[in-house]
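Should a chain be cited, it is by its letter among A, B, C and D, assigned in written order, with residues numbered from 1 in that chain.
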């Protein structure tokens, strides 16, 4: 959590696929649709590139929420990429829930290149939910906290 | 030793307004490995790039980070800049501090803090970049045009003109599309057939163009330069090579009750028919649902009559596979269905028609041989009322939210032609706003009002109901603030247009992105309007958005120019960020090949020295760099991490995660 | 049940003498009765130490990865659960089938030595087994009381064998294998978090689970490979305890045949099979029944898809 | 409450976003009670958008509007003029307890032809 004017700010890592959701984020930007600065975007070629290692590494390093954005199933630039991502993330996040990690810390969202408004709405909603949960205590690595 | 240059762009005030660019540059200068950190107003400008070039040369930089706009915008530009300064183009990383930072955060400190974090993340990634060289793949010198309307025809002609082979795949029995159905075309009122059929004939005679009608795309594999497309040639039960188009079979065919789709179902056609006189190919086709022979084995008259015995009842669908370097989507449009608009009585009253049906009624080759009559009793209509924006500009869910762009012009055209041919007919047009922008368009519309006396009523029609034989059109007249009811003989609806329904299936096959209204999304709305973001796929005509014939033709020729630009290359630079397998870690378990959408992974047995002079052969994965598109699905299914992606490697992404989360 | 062991020894001797196989992979008696260990017998006389009894819980298929690379054919005895692992390794080209002669053997459930300890039986030297009971040191136990967790829920059938030595009908499973998973899912998130925090905190990263697991056959595991980014030899924080087991379970998801070896060998008795079974129950619930190892060519659920798969946002079944 | 305040309240109470109106006039085109209205449905929407409330409060249309919702049903932009009229009517009816419908007159006006919805909405004008 960043110490920003003394109220806790959540840190959110967003993996965005280059062809759709990253373009959606750009559209949200060009339409000046704001969302919290706590959301930091990492560009990946496709949502199927996101490895569970990256997600757990993000939580370990202090992220409070991780969201994976990809193209709508059927619209993937690589035809089948997001189908695999859909299965992997469903199983992974169901396992994290099984281990007692709060469900609202993880999320998958399909955003097309034309849905700037949706991207901004999703990020605002996700950021507020994660902030409501408070600091990530269950998947934290104390060595990474100051 | 890493020598990294950081270049922070102001982007005029786009970034500098909410991000303290000086502070970003200063903080990033302290990052380990950074030797130079500069800011400039317009990094993508000529002297911005010169600044980068000189910095690379003077400091012998091993990599650069540009904090600027989205990589989707100028990554290619800055890679070229680096390459021209002798630096490998893939040693460039972009931090998106405009669309994803300065434009969406108002507070200066917050935005600056975020820009610094994004900069650090790009630096962390750059440190793990390796110089990459993109491989090359051959280009098949043939283009595919999906759709045979004016868009497809124009693109095909221009591509063939440049000397390349083109295949047109058209789903209906003839090329010509919707334009062939029109009577006259605006703004110059020349007859549609007169300007279209010569182009259709050119297509048929051009030896570079191969026309496949009554065919559909079955599957598309591969990628730009190397598309493998399966085309289903549906059975037309007539041998195209033999049939001379004499039409004898059409007269003799006893089953005459078929709905003539070409005339929008306003009249009938026999089971075996040629869609319209100037059809290309001018070859008959049998409708299997209507032909007695195909349905229950009786009849067979047409086969007997045909002198060149071109009829073959046993013809089956045939699938052929061909390779293409580029694909042009020109699937065109169709009017929306009006089932959600029963307030206009389209389904209940026969004399409420759509504009396309009116085109057929007015067309000399139409069901009424050019004599405008009412479909119900074939009498001449004395009062005709047009209704604009039926289903367009409608966000209530029944229609389309967009303006269909062409209805104002073609309605003015219809009104003008009717007033000219039948001067004593009253013509009223209910409109919201008449949109006739561009050269000679508004003058055309004003001629309809001033010279031909068409009555334009500003206001929408509430409902249409029948009363003692007349169609009562009740609408509001906002200028006179009255509710007017016009008893009319014929009501014409300017229905909204929507893309051809088959486009969604085609978009999935060619992985072109498509929006919620089923229009294909262009690579860039202003700068790259005729290309899809998917390389090698081009958009021609209404499949990309509502447009009229002049715009369609200009977009079709633009597509052709782009295709010729692509096909003229012998080799195509492939994507350099492809997967590669670390042979020491790979166990050959072949889990990765299961997920590769392009079949780029094969397995080879390789000799490995295992010490002591002995060797063992092991089964390892090998990636065909020309086929791999770099999606990364295989890197996650590979448990040992042997499979990794150049440019987006596991370590690079983890480094970005660390940089972002570091406090 | 004694007949099975003698039949197996005869079979081994016959094949060894006929030269069809050069080695036999089976179990060898240890000092104590339950201290049975997998062993490769190279000659007929060495077969005198060969044994097959209630303590042979070990799954032999993973040894074949290395053994099948060597010259000559090897005879292996596969219990029904081992045969699924064998099939999965064949599917992943880790075993070349020509060098292996498989014999399916009957299994009516293997004894869990720790449960014997709980019943006060120590220093066991031998046991007499019938289909439903085991008598040890004169005390008779019902199989349900003392067999391994994985055998209580075993529904496995012998698969892919060149020969089979089986005399009796297989016992019915006593427990539904997803029962504990369902119980855990029914708990609240806090309870689940506490349960797993307590269990995983015992993990000493001895890697026994990884080394025994037939699906974990990477030449260099990501946790040993410094280049992988998550390399770690020990759990120096509660996070890494979870990281190791989540990533390991994810890597074998869709490939784990639920052979239960990981829980059997864990010195700290952590119920690791509950993690893999959670993935299996999710896969069955979301993408349709799938048993890894049932065949040698089907695509695993994580390397397959249907366009109509459920959306991740609606996956959280059950309550809270 | 000044006029601007009142207009804002009416807009909220109507629950419809009047700025969505593209001034096409379809609502008035469908309105069966158009002839008896001094201010037409499309005018309600544009006046309330500009905040000019006086004319609306005295308008006769408040009581000739049948609340048949034809205008709401077919508006291409999802605007609901009838709700605006309803909101203005509430403002008037609730403001000074005026009673536009005399109870004794109701029996004669009722006949089988009246649509049931009309009867119900008429009672709403009856001050409770």
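Everything that follows uses one rule, which is that a contact is a pair of C-beta atoms (placed from the backbone, for glycine too) under 8 Å apart; a residue touches a chain by one contact, two chains touch by 3 or more.
Because the structure is predicted, anything quoted here is derived from the model rather than measured.
Trainee: Weigh A-B against A-C on C-beta contact pairs and write down the one with more.
Mentor: Between A-B and A-C, the larger count of C-beta pairs in contact belongs to A-B.
Trainee: Where the CA atoms of chain C average out and where those of chain D average out, how many Å apart are those spots?
Mentor: Their C-alpha centroids are separated by 75 Å.
Trainee: Chain A to chain B: how many Å between their CA centres?
Mentor: Distance between chain centres: 30 Å.
Trainee: At what distance in angstrom does the C-alpha mean of chain C lie from that of chain A?
Mentor: About 36 Å separates the centre of chain A from that of chain C.
Trainee: Using the average of all C-alpha atoms in each chain as its centre, how far is it in Å between chain B and chain C?
Mentor: 54
Trainee: At which residue positions does chain D touch at least two other chains?
Mentor: none
Trainee: Give me the residues of chain B that touch two or more other chains.
Mentor: Residues 595, 637, 650, 654 of chain B each touch two or more of the other chains.
Trainee: Where in chain C do residues touch two or more other chains at once?
Mentor: 222, 228-230, 302-303
Trainee: Check the chains against each other and report every pair that touches.
Mentor: A-B, A-C, B-C, B-D
Trainee: Which of the residues in chain C end up touching chain B in this complex?
Mentor: 69, 92-94, 216-222, 225, 227-230, 251-252, 255, 299-300, 302-304
Trainee: Inside the complex, what are the residues of chain B that reach chain D?
Mentor: 343, 389, 393-399, 432, 458-463, 474-478, 481, 483
Trainee: Using the touch definition up top, name the residues of chain B that touch chain A in the complex.
Mentor: Listed in rising order, the residues are 70-73, 96, 98-101, 103-107, 110-111, 113-114, 117-118, 121, 507-508, 511, 513-516, 521, 533-534, 577, 595, 597-598, 629-633, 635-637, 645, 648, 650, 653-654, 656-658, 660-663.
Trainee: Can you check the complex and tell me which residues of chain D touch chain B?
Mentor: Checking each residue of chain D against chain B gives 20, 22-31, 34-35, 40, 42-43, 70, 74-78.
Trainee: Spell out the part of chain A that touches chain C in their complex, as residue ranges.
Mentor: By the definition above, chain A touches chain C via 52-53, 56-57, 59-60, 73-74, 80, 83-84, 86-103, 107-109, 138-143.
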